[in-house]
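Letters A, B, C, D, E, F, G, H, I and J mark the chains in the order given here, with residues in each chain numbered from 1 onward.
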Amino acid sequence: MTREELTLTIQTRKRAEKLTWKQIASAIGAASPILTTAALLGQMRLTDDEAAKVVELLGLGDEERSLLTEVPYRGSLAAGPPTDPLIYRFHELVQVYGTTWKALIQEEFGDGIMSAIDFDMQMERQPDPKGDRVKITMSGKFLPYKRY
Amino acid sequence: MTREELTLTIQTRKRAEKLTWKQIASAIGAASPILTTAALLGQMRLTDDEAAKVVELLGLGDEERSLLTEVPYRGSLAAGPPTDPLIYRFHELVQVYGTTWKALIQEEFGDGIMSAIDFDMQMERQPDPKGDRVKITMSGKFLPYKRY
Amino acid sequence: MTREELTLTIQTRKRAEKLTWKQIASAIGAASPILTTAALLGQMRLTDDEAAKVVELLGLGDEERSLLTEVPYRGSLAAGPPTDPLIYRFHELVQVYGTTWKALIQEEFGDGIMSAIDFDMQMERQPDPKGDRVKITMSGKFLPYKRY
Amino acid sequence: MTREELTLTIQTRKRAEKLTWKQIASAIGAASPILTTAALLGQMRLTDDEAAKVVELLGLGDEERSLLTEVPYRGSLAAGPPTDPLIYRFHELVQVYGTTWKALIQEEFGDGIMSAIDFDMQMERQPDPKGDRVKITMSGKFLPYKRY
Amino acid sequence: MTREELTLTIQTRKRAEKLTWKQIASAIGAASPILTTAALLGQMRLTDDEAAKVVELLGLGDEERSLLTEVPYRGSLAAGPPTDPLIYRFHELVQVYGTTWKALIQEEFGDGIMSAIDFDMQMERQPDPKGDRVKITMSGKFLPYKRY
Amino acid sequence: MTREELTLTIQTRKRAEKLTWKQIASAIGAASPILTTAALLGQMRLTDDEAAKVVELLGLGDEERSLLTEVPYRGSLAAGPPTDPLIYRFHELVQVYGTTWKALIQEEFGDGIMSAIDFDMQMERQPDPKGDRVKITMSGKFLPYKRY
Amino acid sequence: MTREELTLTIQTRKRAEKLTWKQIASAIGAASPILTTAALLGQMRLTDDEAAKVVELLGLGDEERSLLTEVPYRGSLAAGPPTDPLIYRFHELVQVYGTTWKALIQEEFGDGIMSAIDFDMQMERQPDPKGDRVKITMSGKFLPYKRY
Amino acid sequence: MTREELTLTIQTRKRAEKLTWKQIASAIGAASPILTTAALLGQMRLTDDEAAKVVELLGLGDEERSLLTEVPYRGSLAAGPPTDPLIYRFHELVQVYGTTWKALIQEEFGDGIMSAIDFDMQMERQPDPKGDRVKITMSGKFLPYKRY
Amino acid sequence: MTREELTLTIQTRKRAEKLTWKQIASAIGAASPILTTAALLGQMRLTDDEAAKVVELLGLGDEERSLLTEVPYRGSLAAGPPTDPLIYRFHELVQVYGTTWKALIQEEFGDGIMSAIDFDMQMERQPDPKGDRVKITMSGKFLPYKRY
Amino acid sequence: MTREELTLTIQTRKRAEKLTWKQIASAIGAASPILTTAALLGQMRLTDDEAAKVVELLGLGDEERSLLTEVPYRGSLAAGPPTDPLIYRFHELVQVYGTTWKALIQEEFGDGIMSAIDFDMQMERQPDPKGDRVKITMSGKFLPYKRY
């Protein structure tokens, strides 16, 4: 069983059980639904305990449980700019603001990068009379280029 | 003069004048340095008034002033994943979390996207004893797919 | 079951039942066949009610009905310019007129885009003695770049 | 002088003369600004008379006049999906609705294509209290696949 | 059943029956084998009558018959230059003579294209003592760019 | 001087002298304008005598004359499907009919290819009351795969 | 059965029978193992007699025998530079020496190509005290560009 | 001065001096014209002595002499399959015979590669009444995968 | 059975047996786990003896054993930059330091390459109070370009 | 002045002054030549002091000095696998061993990556009677995926 097959199975079971990602995350005691959803979509791994709860909730088996705790080969998108409009907008932000982020982060912090590994993220609904907004907060450790 | 040539000229003049992007943004009275820097890097346009101040600050001419107020052909990066490590990390976030963002935003808001046009962003330093962090806050209007 | 498999199933059932897309759209009470056809081809979602009617009409099952109401991962074409001549002609229009559309829309409306989300479209036959014509009318909300 | 250099020259002269594309189209007596703008951006050709007026209006020379009346090598965009958000939205429409257009046009007209050559297009502002809209009307001759 | 699966089935049945493409074309009463072969390879559609004869000749079923009369999603080659030497030579002709065809056709006919839809083609053996030759005759309607 | 620069020079001189490709071909005594035009566009070479006549006709110099007689690095189009509509239609013919040509040529001749080197081509106007047609006749030697 | 499936079957049967490519070539009486191996890997065709012997040797069936005598769609490698180190070295030779081969062959023979169809090749072990060498000898007919 | 500019200069000087690659190789005392031509085309380096002779022969300067002795960044072809027909035929050989070479070399020598660095090559004219042939002999050291 | 299928089987069996790569390498008596793991992931071959032990350890069959001793078609990654963050960092090192490695190795050794075939590698944990480090040591034979 | 132009200038001045990269690194007091060479090739930045010494050593000016201290847009290679054989071998190592590195590092350290930012590297000559070897030692901090 590949991780892609497991992701498809999870989506099928979730559909049959009429669960939301948030309900699954909450059922397994996860603080934030982002990491759990990413794991269920094949991009992160779960702890043994979390995997056991997912398996019970969705009616999966032993191999699925085991696979959920393995580090996956990450990358949720096909090569080239993503075709889905929601995901493309994030790609567009990188295209339009990429060099600006580089200029301002390195002006503020010096030479280095914002870590995508020591990284945290929240997503929330921001009520607005002109139309609610999606608010995303990211926080990544600044890693300076070292000299040895 | 192309917009790329103007961006190169601005970078050269900024270097000669030993200015930072924040100083330029502040000198032209911009609330946030992000939009100004993006405009100076050829991704946004300035108002007539802002362009006039940039031209004076950096010692540019009339064509430069005029070009700074035009809508640019956006896209700051070459085709393919960005080779610069700082910018690549943002590309990686889209690769790893793209399907998760889609799953959670559409679960919360229904079918639609987060606008990258009616969009706002801040970037700030988050002090941390284990190493300071880059904090980015994005807020984009949710646009539902309409039926007519 | 993936959405691609569902699309293939729908095409097979439609063929067996000798139905047209317009007949299916009409049978489920859709005002315009465009959104319905796009949904059946895996690019839009149906309401619960519409999905139920499609399922009955084509003899599908519960999982199909449920999947039809989910937001799909959009993108109906393989990477690269489309190889099918009918679809390629639209790609060609973007290639030839893309910069013209940008120049004229932004001259008229200022900096921003025509939304592809808050968007409506009709397609009709335009009788013409020299050969009938395909008439397509698009209307998308103009979204200005905002400053916050 | 390449056509790309001519396009850049025209953009520079237009900027210096503070003209809009509509003003140029109107000055040369063109019915619709679309074809004229496309020609000035290197995608169509002008008649001798139109080219002469453009040359006078923008202060160009003989080679420019001659080049404006030649059929260009068409294609206004770099390879790959366009990076500019306004133009990308049209690319996205092809991605999302391409197979739907094919299904409905061929259901209505039989096997063939909508011509992108025997083709007409208008663009107009559609006032709307919730935000004005861009309205685009396309009309292309249906060309059936022939049997000889 | 996808059209690709149907093409594979037809090739398998043709092999089992030891038929040539010309024999199949002749058996179904087609004037030229080109269109028939293209249809059997998934690039054109057959009339109901032709499809019925193919189905009988090759021992296929109802779904196959029906699918053969549908307009296919055209494109017989993978992305990128074709790897098969025979087909690559045609790709090479476009690479080497493409700009020449454009220069001479537009010099003779004005601005427009040679239709690939209102198009006819023959292929024949041209005996030659130095080695027989493949002779291909193409005829496509010239379609001028129209002004409306 | 690169061959691309020479091609651009030739196009500029031809424009200034108001010559057609056919007139140039005729002035240098070429039987068919195809090879001459291909050479002037950087895809074939001319004989010393032909090059001398071109140089005189267009007012070029010694290096140009010499370069015109050298074998060029062939390839008149950028990577990827050609963006120009006239040239794209030929690309489309290869896409749609490529496997058909392979099937029929190899059925008739056995395993091998149609040469694109020992190759001849004519292009002519075919008058037609429904609209004149472009007629292209190609003849390439069949080259069988040899066994040694 | 596709040709790729046949190739996989042959590799599986060869493995089970513990045969080498040379043994198979020799068993079917082929002069050189290159053409036979290429055919078994789906790039060439066998004669009826050779195919019959392969079928007997490897325990295959009728469809396999028939398919082995058909001209395949050639191309043994995925798009892009080959990832396998042994095959990549040949790709590297083309990258490094391609323009040199062109310069020297056309200087010696005039304008034309070395045929890859009327082509012969041997591969042999060249004993060497510093390490044995792979010796490859290629011989292809020079095909001059013809003028008609 | 880049190496590409030097290559262009050498081609221009060679043209002006009406020299062949073989004459240049012979004038500088090179045993085989292949390495010398490859160096002059920017793919190999010359010894100090050879570079001095080239500089004198072609009337170049000190920087050219120095640059000719540096190891170049190798790669004589643009990305993607080469568009020039002569060079493409070699690419085609890799496409068609790549897996065969791998199968036979590794069957004969074990796991490893044919070196493209410890490598030698000759090219010669092979007279043949049916048309002369290009004969290429390659010899590369076999490098076995080592275990440490 | 393809090598990719075998790799998937091995990963599934390893998961079921709760083994680590190091335990497998140790069980079959391999000095270093790198080569063994690479072989189990389809990039190297095992000796007959090693393969037999793997087969026993993981409960595989005869075809698996045989396939494990064959030279694979190497290449463990899809085309384009790797999407997995851990592997991408190595790709990034090549992007950032590639030209530096070339400059320094060729300055030290002369013209040639570091062999990736006659090559050895270790990987170890380097304890560090600020966070443990991954230490990788590579040693490849320098292969000079030879002149024959 | 772009960073690419500066790199070219540095290479030209280094050639004229007959300096090696090691001599430059040593002249500016750098501990290891790797970072210095990377900076001079446009991939790292120098300190003010180091830049001043480079400027003096190579006879550069103020803008060059300033540019050398700026963080560059990193990426020393064109898109696609590198064509230069020395650099390609490193790309090949990633292709062949990428999944092995991932398997073993994550088995040893848990989920995370080896940093390419908090990273150190040495390169040295390893004398060997069978041919000297290139020894590369890399050490990168392991960064675990964090949970917040």
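Here is the rule we go by: a residue touches a chain if its C-beta (ideal position, glycine included) is under 8 Å from a C-beta of that chain, and two chains touch if they have at least 3 such contacts.
Since the structure is predicted, the reported quantities are computational estimates derived from the model, not experimental observations.
Colleague: What is the minimum number of touch steps required to go from chain C to chain G?
Modeller: The fewest touching-chain steps linking chain C to chain G number 2.
Colleague: Return the chains common to the contact lists of chain D and chain J.
Modeller: Common contact partners of chain D and chain J, which must touch each of the two, are A, B.
Colleague: To bring chain H onto chain J by a C-alpha fit, how many degrees must it turn, rounded to the nearest 5?
Modeller: About 70 degrees of rotation relates the two copies.
Colleague: Over half of the contact pairs shared by residue number: find the pair among G-I, B-C or E-H that meets that against H-J.
Modeller: Of the listed options, the interface copy of H-J is G-I.
Colleague: How many angstrom lie between the centres of chain D and chain G, each centre taken as the mean Cα position?
Modeller: Chain D and chain G have C-alpha centres separated by 49 Å.
Colleague: Rounded to the nearest whole Å, what is the centre-to-centre distance of chain F and chain G, using the mean of the C-alpha atoms as each centre?
Modeller: The separation of the two C-alpha centroids amounts to 32 Å.
Colleague: Counting in whole Å, what is the centre-to-centre distance of chain C and chain H, each centre being its mean C-alpha position?
Modeller: Once rounded, the distance between the two centres reads 53 Å.
Colleague: Identify all positions of chain D at which a residue touches two or more other chains, and write them in rising order.
Modeller: 73-75, 77, 79-80, 82-85, 92, 95-96, 99, 102, 106, 112-113, 115-117, 119, 139, 143
Colleague: Which chains are in touch, pair by pair?
Modeller: Per the contact definition above, the touching pairs are A-B, A-C, A-D, A-I, A-J, B-C, B-D, B-I, B-J, C-D, C-E, C-F, D-E, D-F, E-F, E-G, E-H, F-G, F-H, G-H, G-I, G-J, H-I, H-J, I-J.
Colleague: Could you pull out which chain B residues touch chain D in their complex?
Modeller: Touch list, chain B to chain D: 1-2, 63, 66-67, 70, 73-75, 77, 79, 116-117.
Colleague: Please name which positions on chain B make contact with chain I in the complex.
Modeller: On the chain B side, the touching residues are 80-81, 83, 85, 88, 92, 95-96.
Colleague: What part of chain C is in contact with chain D in the complex they form?
Modeller: Those residues of chain C that touch chain D are 20-22, 33-34, 37-38, 41, 43, 74-77, 82, 84-87, 89-109, 112-116, 119, 121, 123, 125-126, 128, 130-143.
Colleague: What residues of chain D sit close enough to touch chain B in their complex?
Modeller: 8, 12, 15-16, 78-80, 82-85
Colleague: Help me check something: in the complex, which residues belonging to chain H touch chain I?
Modeller: 32, 35, 44-45, 71, 73, 99, 102, 106, 111-113, 115, 117-120, 139, 143-148
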